[in-house]
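Structures for review follow.
One chain, subunit A, links the two complexes that follow: it is found with subunit B in the first and with subunit C in the second.
Moving on to the complex of A and B:
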């Protein structure tokens, strides 16, 4: 179970994407100007906004890793993020009407519980009733996609909520005062949670006994079973963890903007799907998944800033397809992403 | 063991390590074990032999706690035991080494050894890898099992993987080790080293139960041999004094001809003519290098060689599953080099493939549909448009009966049959279609000795009927007994065609190891250098 290294693969992908973007720029608007504008945009404030955009993608990606490594492919990450986002805003809205008041941390925890509860339902359907994991995952997404705006209309009479409050920025004493990179240490709590969750997830998977069981459960559940470890429990744990992570990611996003937007693809807007591609590119390594998430979020932020600052007319749709193109490139040409052997397969003990 | 001796043992307080008393195990409609008594003494190797479906594995699953017996008791060191699950059996020191390894490919040797019983540090959360490696190494050294604790399972050989399996059970404190057909996947050298390990283990006081259907292995390594037939214990014999013939008779219930009785060949026209065939493997490496070989009517040609020397690729080229890089194949006087698989089948080429589950059967199909496979476009199974299920059912019923396939139900799915029965079914399906050429790759792999005898006789009957037969086998005795001419392949070359009557096993072994025939003291009569 040696940690898959962040080898040439990631480097190559990053190279391909940057190359693609530059080519795009050359075609659109004479490259030199673009390059100087891009470098002009790359500031610390750009970096902080890119990291903020990374939060939901990276949490979904790491959650997906935990589920899939135990052998349950969870493609419902997008749906769980929606539940997390909606849960956070709805909880905060409801709490403000109670004597407890609008406690943002309590709303955050309730959102995580909501997303974990949906993940539990998904786990029961997949593990107990042996449903097809892909179809069950799609159902999670579609149900969340329908439920959240529907509930919004019931509560607020429209698909989006009013502003309910946001996490306030936290500064790390000392570090935040540093010149130039100081603003990186001034962020909302979900960003710091992400900074902790990446090494924590890596350690959990690669150093702990539980991580070993997760690996065995996804690679060869029968071996784990004969070794006396209950495969079902490990798989439940993996799926529930994906629920917890998506809850953090979704709530983190919603409590940053302070509002739930339920129109169209909701405010999650495909970030769960991008998270899925991110962990494939990261080859099931939380660090790789984080880097891929950061890259995709960074491109998104770049696109936004270029449009605002330099007035470029790069279609956002074009930028949005980059993660999917990248994952196709990786899976087709690099081909070293290795799925857990038993992912997607049901396991039934002989006993 | 006589009742007297049993009483004496009980009186002197030295009970057998394992004592199965009247074990009966019924499944719906089947009695897998019928009142079986078995005693295994501490510090011995006990072989459990029997044909496919004789109930060996069921009996051991009872001992291992996977099945609860319908009747009877299991006693370990004299103490009656009831096992709810394999964990309970493990608690009293019983470990099973399965035929299919229970190892996680992406984890290291040591991680697999400790899985489920991990040494931990820092409050029991973190696996202590250094200690796992150290303990694995110590255990390996103690029992003479050569492994490298930090290597990944996917990077080590099958023989090494088996040693890891043994280490796993030892790590969990097993005193009684059950090995289910442990030699099935091993090379002859690996088998020898496994036997050395088993001897080392009993020297350390372990008790070993060894399930096999290979008589030679049971005689070589075991102290005592118990024979099961149709769920009943036929008897237990001392391996020192037992003979192959005696054991074969006990297993099958009648005398078995271990030697094939072969009348002289009456060779007719050339049926298959392979000329300068060069074939590449999946990686594009030349696997068979300008091989020439002919097979005549009424003749069995054998191909001997260690697995992986190009035999498989050559056969796939002849049967139309793989393209030739160069060379020609002529069948019944017609050039079929570029013909499709389907047209080769239609022309009367029968093929028993090496990998029965990948190439010969659809595991999710019942026998009836599997019986049709490959001939679904030919009469009498089809009129060219619609399948005649009546004719198919008749054919499949005949095959099942003639080849003693069990269960006899044509609507049973292929995966519900044991490997030996699958093989019998395939052989029957292919042989009974009135082919003019039969190509049989490993025709008796995984088949018990009663069925081996039957399949060999059928092959010789086909020969007597004037069919051309090409047999590839890694079992030397099989190809030497069946063949009229024996080709030896080494590293993609067909290095010699010899007369199986006169060639010695030693000479064959040297040829298979790459020795050139001209370097051996083979006289002209014994080498038949001409390929046709």
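Moving on to the complex of A and C:
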């Protein structure tokens, strides 16, 4: 793998996107005014909302990296996010009727367990029953997309839940009191989890034995097997990690808004797919995937803020398709991201 | 997306070998077994949800669990009567079947060439919009009689086909010339297509007098004549769909072009050695797939909705299930489309009369796809009960 050229490539992508935005700003009516409004919007409050929107995308992206690096392509990320979001709200709703009460952390954990359980089923299907990973991943998405509104109607008689409560903001003592950048250190727990998860994932993949196993499981399972490591177990671990990460991402999103919305594409609304594109653009590097996720979330936040503050009628629909167009451009023109060579293949141990 | 296209091709050819070796009977067995398992899992889901839901008269009481609202057998029975119990619902079932034939064939055509087109939905949405806009314009210039209707309907279908084909050609080009994985590109293009269509209709070409995102309603001359009263189903569209299925079957089994299309996607190198332009054939397969998706959209506008409206049902995704269930065989698509057509129609009755959410069908759709994706599961079950020696293999497609 040629590291310097990849970095250039990523830089190029980000440059192309920023340049595109700039051009867009100049060619449409009142472009200069727009640009000055955009720079006006770029404040600390904008950053905090962008980071909040990054949570589900980046967690899905990092989860996808773990699964695919071990050799199991998990395109069911969107479905796992849906399970995480629905699981969090449904658990919180159910808990409030029990003596335990509406414990938001317990609901968060239950949501992660739910998403991890679905990931386990996906892993069994792919590893034990040698299913086609793409088709099985698609099935995970379609099942979740049908199941979440189905269950919502069963529980709440409509596709969306009532408000069930949200994570309260946590401040980091000292840092939150800093002038101007202080608000960055006041956020909900999932945001802080993200700040921890990115370096943690990078470290896990690049500096630990487990990370080497993951790499080998996707690149050269035979050698890993020869070295005495069970490829199946490593692959299970990778897929389960993707379940955990998606659970955090989905639950984090739902417990920030305090409600599950199940209509249309559900409240996840393609964020799992954007996560998938983010790690392709970030070329399987958690830090790169995070940056790409942040870029996409930042666009979304920008569009929201512009509509609120400057009263622009920026079509949210058009802004929403930018990530998808970006990944199409990357895949077609900038160059291919390199998949792990054994990804998608079933591995049969000779034992 | 990958550099190891060589190994993917090899795997593709291995899959093809297995497909050729697997008899039709084995494939049908796997499809039926998947269907049965999906129905069983669906029944468990319905039964369990019955204990969560509230209802006036529960059908069962289990100590410790409480009252169960839904009887799975009753649910499936209602689904059956709700899709075949009267002429009106038969019309609705056939209406859905017609659309699913086109989307199922769209997915199957790509699958036959070793390409997994998840983009039928987007191709359908854009085809539908183009059809709606063109027939709205055209209807003003044609006589309000049968001749006018023939002109408008055929133009509408052609326009949908062209736009859908164009949208299908894009991932084909990306696959052939940039080696971008068609699964990723078609999923992305779905979002882009739906976004563009929504934006166009909302801001530019829609009916701006309403708050809903929709075009104006197409006039009578742009509507397929209804065959059964109480339903918008038109037998003309169904016959057209069946003819297309037969045509595609003949294309792939009886013509050189069909053979070339298949091998190009599955064994690009081999096809090139044989003097075939494999890249062009990949583009052709995806374009043909898009054409069928676009026609589904055209039929949807001119037979079902009578306009383009945001939130077009996920017929493109249903098409994936139809095609996989049919083993990607154009003839097999016919019973598979009928099955899904009746599931979709029956779910309306299940929702109305029993209160079981119609989303159940979407869960069943996913389960069927999941079970068919793992033939090994059935092989293991078969082995456990002492049947066969086990080379039953199908992975829902001819290639990865």
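Please note the rule applied: the second predicted complex is superposed on the first by the 343 of 351 C-alpha atoms of A that agree within 3 Å, B and C clash if a C-alpha of one lies under 4 Å from a C-alpha of the other, contacts with A are read in each partner's own complex, and residues count from 1 in each chain.
We take it that contacts are C-beta pairs under 8 Å (C-beta built on N, C-alpha and C of every residue); 3 or more make two chains touch, one makes a residue touch a chain.
What you are looking at is a predicted structure, and each value in this text was computed from that prediction instead of being measured.
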Partner chain(s) touched by A:215 [first = subunit B, second = subunit C, both, neither]: first
Partner chain in contact with A:341 - subunit B first, subunit C second, else both or neither: both
Touched partner set for A:324, first subunit B, second subunit C, both or neither: second
Partner chain(s) touched by A:171 [first = subunit B, second = subunit C, both, neither]: neither
Partner chain in contact with A:228 - subunit B first, subunit C second, else both or neither: first
Subunit B or subunit C, by number of subunit A residues touched: C
Intersection of subunit A interface sets (partners subunit B, subunit C): 341
Contacting residues of subunit A [partner subunit B, same complex]: 1-2, 207-213, 215-216, 219-220, 222-224, 226-229, 341, 350-351
Contact footprint of subunit A on subunit B as seen in their complex: 66, 85-87, 90, 98, 102-108, 111-112, 115-118, 120, 124-127, 152, 168
Sites on subunit A touched by subunit C in the complex: 75, 125, 128-132, 134-136, 138-147, 149-151, 153-155, 264, 270, 273, 276-277, 280, 315, 317-318, 320-321, 324-325, 327-328, 331-333, 336-339, 341, 344-345
Touching residues on subunit C, where the partner in the complex is subunit A: 1-4, 7, 11, 45, 49, 52-53, 116, 118, 174, 178-181, 183-185, 187-189, 191-192, 195-196, 198-199, 202-203, 311, 317, 320, 324, 357, 359-367, 369-370, 372-374, 376-377, 380, 395-397, 400
